[in-house]
Amino acid sequence: MIDFIWLVIALPLFGAVGLLFFGKRIGEPNSGRIGSALVVLSFFIALVAALPAFAGTLEPENVLLFEWLPALGVNVSLLWDPLSAMMTLIVTGVGALIHIYGTGYMHGDSRFPRFFTYLNLFIASMLILVLGDSFATMFVGWELVGLSSYLLISFWFEKPSAAAAGKKAFIVNRIGDFGFLIGLMIIFATFGSLSYSTVFANANILETGGATVTAITLLLLVGAVGKSAQLPLSVWLPDAMEGPTPVSALIHAATMVTAGVYMIARSAALFSIAPVSSGVVATVGALTALFAAVVAIGQRDIKRVLAYSTISQLGYMFMAVGATAYVAGVFHLMTHAFFKALLFLGAGAVIHGMHGEQDMWKMGGLRKKMPITFVTMLVAWMAISGIPPFAGFWSKDEILAITYGKGGAWVVLWAIGIVTAGLTAFYMSRLMFLTFWGKPRWDDGLEPHESPRSMTLPLAVLAVFAAGAGLINTPFRLSLEHFLDPVFEVIKVAHPPEGSTPWILAGVSVLVALGGIAYAYRRYIKRALPVEEGPRWDFLEEGFGVDELYGRTIVLPGKAVAESAAFTADARGIDGLVNGVGGAVKKLADAATRLQTGQVRSYGTGMFLGTVALILWLLVRGGAF
Amino acid sequence: MDIRVIIFIVFALAAVAGAISMVLARNPVHSAFGLLLTMFSIAVFYVMNGAHFVAAIQIMIYAGAVMTLFLFVIMFVGVDTSDEAEEHIPFQRPMAMILGAGLLILIVASGIQAWVNSRALTGRGSLGTIENVSDELFGTWLLPFEATMFLLAIAAVGTIALAQFAFTLRSTDGSDDE
Amino acid sequence: MSELVVTAGWYMALAALLFSIGAIGLLTRRNALVMFMSIELMLNSVNLTFVAVGKELRTLEGQIATLFVIVVAAAEVTVGLAIIVAVFRRRETASVDELSEMRG
Amino acid sequence: MFPVLAFLVGLPVLAAIAIVLIPKSRSELLLPVAFGLSLLPLAVAGYMVWTFDTAGGFQWVESIIWMERLRIGWTVGVDGISLFLVALTAFLFPISILASAKISDRLRGYLVSLFILETGVLGVFIALDLVLFFVFFEIVLIPMFFMIGIWGSSNRKYAAIKFFVYTAFGSAFLLASIIALAVNAGPVLQTVSFQWNDLAQVPMTSAAQTWLFFGFAIAFAIKVPLFPLHTWLPDAHTEAPTAGSVLLAGVLLKMGTYGFIRFNLTLFPEATVKYGKWLALVAVIGIVYAALVATVQPDIKRLVAYSSVSHLGFIVLGTFALTLSSVQGGLIQMVNHGLSTGALFLLIGMIYERTHTRKIADYGGLASTMPIFSGFFLLAVFASIGLPGLNGFIGEFMVLIGSWQTFPVLTVVAASGVVLSAIYVLWAYERVFTGPPGKANKDLEDLNSREIAILVPIAVLIVFLGVYPKPVLDRMENDVNAVISRIEQSTNYERPTFDLEGRLTVDVGVPEQGESPSGEGSE
């Protein structure tokens, strides 16, 4: 019935291929329009296909496209169920908006068509990731989004920092993929298949909390940690901000980085029977959330604040899926997609209006110059800070409530979450106050301006969702939960505690958030701007020096090992041995040439010597002596 | 005493004397005459063994043609005795002596050995008259005989070529690498 | 006391002696011509054994072999002497010790 | 029946003769004629791929015994294991000829060498007579030696001799083992036979298997090359002309990995089961080690050469893991590596023609001056590090997933090659292509239409095989299955089963691994 779902992937893929070859000929505005139109189209196709899901009548359906690796039983086939439908809608929906935004933002770039080639490629890859019906296809999408991310981060490759950031992102992701891949090996060795249907339907055969399932889930987690920039593989995401801002919004905030959460939610059948792994997931999430929130406070670059904020919010999602609150995790994934995309696009608009300036200390007072951007950012600010009734409040509080409700050590995680919520409110307020309030601190001669319609329109649309999307899953009306029911029906999904507890918890978190905002207000508006300089702030800005730590402990020793392998072990050791053998043979030959005197009579002597010896030997052998 | 014994002793002594004088003589011409003496003696032995045709060939080809060729070349090259003065390859002469003696002892030893161990065969024994030899040569051994034709032809061509090249090379390369 | 008879063994002993003398000549003389003569001597000594043993075994094959050896020796001498002449033309010497370009 | 294979192998010889016959005054015809003639074997190979019966087994078999007493003769055939290596060979030669347009020195000899090389390589892949195999195996050496030694770059003599001596050293073991194998089988067969079909049926003592297994293995390990016998490869690659590098990486190295499957696995099943792990271990060491070494190479061609060593480790690992997926993955990886590394060497050749340097440090910013070039390069690079959707992924993925059950620890270590390959490749890409273009690289011309024409077929195949490898995998599957089944029948080895097999409540959707679908396995 929904066989046509392949079109959702095919359209952006077609766009990517077409624009790759003909983009230059199509030229600037049109190539962007084609790219955007294809994604919009694919959004509407997905919407049509998802209609049964809204009605609650969607039966999960597999669409076989073609056989791929028969020896592993892997096919290229798609799974259309509420979870993938929801992810598809987010990806194509937010993706479409960001495409449209991109036509304005990338205006005048010499490689404008190429930008849309890559964006379309990304959409297609991300859809493969979410629509695939096996771990193998997920892995394919997983790697392909890594490729698009690489291409887009280093889009401005003439800038060495951009090129380096792209490379770093890909390599760090590959470290995660390494774990993922080993996870796949164990899955195949265990189930003899990589398809979701086989694996999940048989997951219950595995011993709960047993070594196999724990190993599988922990290895999958490694993959998720890499893709979703959780500790300890979080280092690539802040650098990824070197890419154009729409890319940061789409890939490094709304969609790709949430793939880890999607993967864990998709593998809920496995994670739900691996309590240890789930605990690890939640712990990683909580620690990352706190860590990134603290680091975000020290950032001066507006995009880096948002990057750390993304890491932090992803931490919440990990906390949720770790607490087996898969619906809550996915819910936060969705609301976060809206408000974080909005924040990034808003930040992009600011940067665009400021002619490329990204340092918040050189902004200020922009709310009058960019009213639309300001208003939409305001919505996003409220949403991420968790102020009701904006979207972020509902999803974040559901996570916190569930974590608290699990009791025991989970309360510690809840506490971390609450602290993070306060920090989030604080650093977001700091961003807003520094950017939009106060006196202008622009460089001389800078004329900030509002962005064109193509950029503000997506902002407005996203603002609507950032404000209202939370309402789909409130304690009053659990639409999303019902929507996702078919996906998690056999799994025990954690729910918020009953009674008044959630309300008290919500009150606490709102209070904390308001406290954060209030403190920021005092610090950045009421008083003269504080001086945030010095070694401590630098240390904070550098993310506690994690990058440098890795550089010293992994990269440099690794390089030293490689160099000693290449220039000592290989060149001198192995090849030295080879050449040594060659040299020894040559020496032997040189020694042998001494016998070659050139004197024919010496040769004669040798010949007769041989003759005598031969006759002697024959005689002795014949028994003469 | 059998006359054949006397003939053998006389010509054996002559052959050995010729051989030794060939080796020892400073002058290559003397050497050539020494060899000539040996060959005559051997021809005599051929006759004593009934190989009349081979004996004739021995005289004609060896004593006649080959030795003449040698003498001719000696004349061409010149009688140079100076370079025989001293031996500069270490141990060459003692080694040669030892090897010669060793060879002699071993050949004799193996000859005795073979003689003792093998039983006498009875062949088609006949005299080496021209008729008999040609029967054999053009019958059983026709193919090898024909093959020698190629050998001789090649040798002739090779000799002519060498003579030719020696002239052309001389004009292009006069260097002495020694 | 038995009658003294010349047997093939005598010839073989003589041939061995001649062969050894030829070998010594080949190794000690450095005049290429004399070395060639030594080789001829050695060939002749072998021919002698062929003929003598052929008689003993009552076969003509020894003689046939001798004929072939003579033919080959003749060819060899022709070419060999031509080489000596060619060398002499270039080097003005017939001493093989001077010809050592092929040393390693 | 028309002798397709004799025709296939004979075509390059005829082409070489035709090249010789072109008069000196018309030497401008050399390249076009050579290119045209090189398309003929490709057409034959295409026909073979098209009409190949997926049921497997040897097809187009020709058998003419030449020496009855020793049973040596012209016995050839193609099965699913060799089919695509033949096709790859036939495919890479026209491309190599096109890539040689800049060769002006002794072009005629160069083209003749190429064609003789093609004959040799094709012969290796189709020979079913061990002596014939050895002859072809050796024929390959000679033109390659000349290609490196005459048309190579500065240090060519050293590289050519190193290449030759190294491989000849291995060949000595190969020859000795082949003879020992035939003699050893003599009493059972009542005759000495060098026919692969005869020998494959002869049971052998484990001692004999061990010796012969290692005899063959040394020859093939040098050819592959496996760590630590790999040091000839970087030198040979660096010094060889572009076409030489392409063919060396593309097909010559595959003679080793092919030999492992065709001879070691089939003829010595017991030794394979017993000692395969050691070769797998060496292969995995090679994967990691070569990847590390590649990281810091200052010369881009050396870097790719080391990456070859690393990638070929996967093939050998898969081969000795003895599961359907791993062996098949190794097999398709041979084809894929030929395409992607071949493309990389072609690209490096193109940039070398422009800059006359191979030093990574001398490049920089090429992406802005040569966008098409960098696009192709990126494609080849990602194909080589196994990006899904491109061909390199298929083999690597199948090998890794399939090998886990046999060698879990080794496979985990091998999988780290996935990370390392990303590091060396992307770091090199960064240094060569990104950043502002240096002064020397500012005015480089992008690829011309000839160069694009060379690369497009490879690029198409890279993508096609990555997206839809089924036609290839289908043609391989039964014969790979047969190889593994043979091992299962003659030893106590059994294909690993899944932990939950028999307890699964939902069908796994994998072809039954225990038996070969067509019953081809046994005689």
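The chains carry the letters A, B, C and D, assigned in the order they are written, with residues numbered from 1 in each.
In the analysis below, a contact is a pair of C-beta atoms (placed from the backbone, for glycine too) under 8 Å apart; a residue touches a chain by one contact, two chains touch by 3 or more.
Since the structure is predicted, the reported quantities are computational estimates derived from the model, not experimental observations.
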Chain hops separating chain D from chain C, counting only touching neighbours: 2
Inter-centroid spacing, chain C versus chain A (mean Cα positions, whole Å): 93
Rounded Å distance, chain A centre to chain B centre (Cα mean): 96
Whole-Å gap between the CA centroids of chain B and chain C: 4
Averaged-CA centre spacing for the pair chain D and chain B, given as whole angstrom: 63
Multi-chain contact residues (two or more partners), chain A: 597, 599, 601, 605, 608
Per-residue multi-chain contacts in chain C, two or more chains: 23, 27-28, 30, 97, 100-101
Residue numbers of chain B (touch at least two other chains): 89, 92, 95-96, 99, 103, 107
Chains grouped in pairs wherever the two touch, ordered by label: A-B, A-C, A-D, B-C
Complex contacts: residues of chain A adjacent to chain C: 592-601, 604-605, 608
Touching residues on chain B, where the partner in the complex is chain A: 89, 92, 95-96, 99, 102-103, 106-107, 109-110, 113
Of chain C, residues touching chain B in the complex: 3-6, 9-14, 16-25, 27-31, 33-34, 36-38, 40-41, 44, 47-48, 51-52, 54-64, 66-68, 70-79, 81-86, 88-91, 93-95, 97-98, 100-101
Chain A residues within the chain D interface of the complex: 66-73, 136, 139-141, 143-144, 147, 150, 154, 157-160, 162-164, 167, 170-171, 174-175, 177-178, 181-182, 184-186, 188-195, 197-198, 201-202, 205-206, 212, 559, 561-563, 565-567, 569-570, 574-575, 578, 582
Chain C contact footprint on chain B (complex, rising order): 1-2, 4-5, 8, 12, 15-16, 19-20, 22-23, 28, 31-32, 35, 38-39, 42, 45-46, 48-51, 53-54, 57-58, 61-62, 65-66, 69-70, 73-74, 76-77, 80, 83-84, 87-89, 92-93, 95-97, 99-101, 103-104, 107-108, 111-112, 115, 120-126, 128, 132-133, 136-137, 141, 144, 148, 151-152, 154-156, 158-159, 162-163, 165-167, 169-170, 173, 176-178
